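Order of writing sets the chain letters: A, B, C, D, E and F. Residues in each chain are counted from 1.
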């Protein structure tokens, strides 16, 4: 396949234009799309949440000359490349050496109708959400009903579903009927107000700061902090399963167990 | 005591001018000093990392009309006060109603010579550090040697010392000889580079974001993420112990077990 | 009444969305809406241009637990509350202590179809204006015809209508047929150009700076500088008269004679 | 005299470098110095607070080919010159046509040791001030003692000294012993806090905004608002008297009675 | 003719609103329109790319009291006028002295349907372009086909057409079939990408910086750098020829041979 | 040699700290230092003004695994790498593939005591300059005397010395005694004023914009516009000659004749 043909398949799930709309409407920054174009026909694609030395190693071993990531392989602009120290520089250099192209699908995958934020909700047992940041086709940040359950049981079920023991929970035991969830590092004042206004019992997200935890608890809402990796890997793998069938080249999925 | 007399005692540990120096030299923002001045003589002081409804309740119960916090009771500027929802507004209103004054000592307590960042190092077993952000008298961000220990054992010791099971650890088992630590939410590119250049085996901080965890691991350094609360409460209580002896009014310390 | 029910009545005159439109379209800042919500049913409302210690005192005396102001009770964001010195902090604290909620209606009241800027025009004897800053429903800044009158007589009539001797006038005696008026501190380059292009004989506003006075006179237009208070209190009281009939709780109006 | 020789004499009172220091240290903007250099020897100098059509007319009538102003003849940068409407453009064009050069001495004259802010204090009866904005040699914003006097009498004396009936006064009658004064449009939060901390009974300045008047009164300080013109013309004329003796060309002073 | 009548004729070619649209849509700055209005009836108009001392001299000699320029006679805002040194100040002052009004038509003339960028294309032998910055009626930046020609011959023909030997050319000899051109200083990353995507063989513009030349050559595109003056004078004179017929006052065209 | 050892030799001519000082003192941006560190011992160094595909090709052919450039190999931060189009991405990727490290020495080489701006002056025949932007040890922008010569002859001599026919000259023939020169794209308002105040007859620089050429000519100063490449290559080669003797690895110099 041509690199652009792969991109076209990925954009069926979530066009890069969705990221542009997200950025423009909500003042965000992103760098989605083709990050490295080595100019070669694609003979196989490895999917990995991040571009890391480990994921590049897997691609090389499997003979895949494309890596598709969720987090942008380059985010803020690189001005120096130190291969003796900087793991990101090492991963990029290895791609360039080995002719591995890279596509990153970030905010568009987060906000797609069946994107990563959607799958976080599904994994937590919900559906038919109120949505915080509404886009023309998709959105981000959800509050929704779940089967009534004791908080302790809910936490245990979450750990099991997302496959990680690193979930931290805060708040007294209670019955959980309504959940607010925000994939990635999506917690801010607006997310907290949105959860409170919609009567959430539990707030689920990652990378939540201390003053945010106290603000959520202060509104009488419990907190579950998943690792960013396990919360997003869950949905990214679901998207992979769907897309891999539509690609005419071999594919594989890499999950970095160390970060779960 | 007069409110200003209490402030004078607190400033012996860490003058507010130290916060100003920190802000100016490193482009930070702070709001340390007297946050609420109710204009009354102080009859007792409760120390608490945060101004929360719980801490105000404790002050009322104990009859203390001053609360000394580490995190600024008001941080970014308040433009609306909704007592039906906003826990911060409720806590502030309760202080104003009950005549409770509030002093916050933030970046100056972080960076004081025997401040919170110093005590984090001590709790982790270190001394004689290299310092990242050097100030005229004090500083922030430390790398230092510790007694050689297996990573697993080190993690267990840390959990015990800081009294929290919520410490998350990342990285393969290894021998720990050198530690980099940054109290509060102090992880950024400079902190990571500083840890790497000084040969740290483990990076200890709070509120570390996903891409920072991967960047630290990518440099071959293990990670321990403490809760922001337990990492800073440790040192704040040490400072309390020292200061309470110098205050001529009754004092108490409030630790919010839910956040440890 | 519930606080939100009072807000609904006020928004019939001028929705907060009108302030948002004003800010977005003309690059303004505002903080209109519910400023303090004490969470209690409203048993009476005092209207006052400003939230001051005097107005809070009147509310307490009258047993009103809501104050409706024109100028935002909090404008730019508060980071410290010093009850020994700062009159704004004292007024806010007194409201919180006494359970007095506060609503401020600023730019929306200025620009409403029958708002404060409209009433300034009416008080000056005009109607059917050209409008400077046009909004979907309402606007700000007016030029209009008045009954032809000698400038000196016009000034005397204005002082009488607005009930203040503090009106300063500039410019030679002349016949006044067309007036430009801008309630509050609305004088700027655009207002001056708008007045000149529309052939105003007199420019009426408040808080006009020295270089603006010379710029207006230099265009051959006379100037009347009302106090900000008397110019806006006039229209705010008109709005009060209209709204008080629609509220099912007792109301009162407080005018601070010292500022007229 | 050469234009630069005149500048040298003016800079003995207040070097332009003092304006630069003021701007740098306190985040101000200024445009002091030679504003129009027509390239001719100076045969006479007219002093006028502003460059206006009236002042240029006076210079022409008197045969002076230099105008020295306090307020910058050009302040923010001119991009269009409309001689059919804009009085500033007309005045500048007339200078260029008639070969009249212009020097403006703004913040340096405000802050000079015997500058305009100093003379405002002297006119109000004070000396030996506390100074708000301290410069290496000079400063701005003063609080000082005066002969104890009844507020009403004080106001009458001020009107007489500064030659203007347009002085507006606020606050109850009281004894005046300490005065804070700020020439020009110098009122802001820092000026108000400075006046309060130093125990001022009266706050004297110009172009004071409504919310500033209420903030000053709320701190228990009376207010006198002079016109910007009369407050600064007073000191500018004193400086003129001193400088005119040192210039070897004829000089004159123009006071625009309409603005007093 | 009245000055506004002349403006109306000029705006038939390119309304000032076109400049506003250009600025808003593409983040540009401009100062088009009447720059000096001396308030007199226009008795003749001199057209000149720039307002310079030479062009004012020509207007005076020819008795024209209007100069129409392409480049804004004032661009960024003037704060000082030094007639002993600054040529722009001298030219402006001479206009004001002699009652010469000035109109500048900048981005609107660049982007008009038959504007300066259009004429650059025509002079280079092209038509039916792809356009980079599309406006409602007009646009800027063109790629188009030309009669196939050897690069050396193409360069010689360009020098001849535009009447200047100062054209610098870069790149190996080759056949030229497609040209990208951008009048004035229009080269930037977007222009280079646009030229490359549309298969240009030669990139023609002015004021191209070193790193831009290497970036264009690196994409396999040759470069011709015309002087800014000759590239724009070409189209400005064409527009003059068209407009002069519609003006009821005498006109002349001034071309500064030194800058060609 | 180690990469850092090579850097140390280069910093003897001009430390990277000189670039930092330049940036801080004059509000510039730079990205000097080690741009690519491949982590290998250096076996040879190619010097080239730019990192281009041609220069990387030369390094590969010569077996040099270090390229030293003047212009930063990465300037503003890279967020995408397209090897099918972008020549800079191609050059960087080729370096990473082949293990070629890159050092760029930009503003420090410009401003060094015997740096590129110094050598431009020497090539133009001058010495003992006035310096525009003075640094602790070095500076940028020079005015100096030269042997009196006819402008035409001067231009011819310059073309010969710098080895380029692309030098454009403006202004009438005259005697040249004083020259102002600014290597690279150093022309701005301050450079022009500096040249005029110091009585320059000719202004020599590169990448001069149209309005700057007219501003210089308007001040009665002639202009020579060298190509950026030939103006800086001249000094960079001189520096190379000096440094190559101090490096213990083979070196070569690459001059791209196409850009001279």
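The rule we apply is simple: a residue touches a chain if its C-beta (ideal position, glycine included) is under 8 Å from a C-beta of that chain, and two chains touch if they have at least 3 such contacts.
Remember, predicted model here, so these are calculated numbers, not experimental data.
Separation of subunit C from subunit F in touch steps, taking the shortest path, is 3. Graph distance from subunit D to subunit F, where chains that touch are one step apart, equals 2. The chains in contact with subunit C and with subunit D alike: there are none. Interface of subunit A with subunit F: the two copies contact each other largely through the same residue positions, with over half of all numbers used appearing on both sides. Using the average of C-alpha coordinates as each chain's centre, C ends up farthest from subunit F. Between the CA-based centres of subunit D and subunit E the separation comes to 46 Å, rounded to the whole angstrom. Centre-to-centre separation between subunit A and subunit E, using Cα means, comes to 50 Å.
Work out the mean CA point of subunit E and of subunit F, and you get 31 Å between them. Taken residue by residue, subunit B touches two or more other chains at 75, whereas all remaining positions touch fewer.
Shown here, the protein chains touch around one cycle, each chain meeting exactly two partners.
For subunit A in complex with subunit F, the residues that touch the partner chain are 31, 33-39, 74-84, 92-93, 96-97.
Residues 50, 52-53, 71, 75, 85-88, 90, 166, 168, 170-171, 184-185, 196, 206-207, 209-211, 213-215, 217-219, 227-229, 258-259 of subunit D touch subunit C in their complex.
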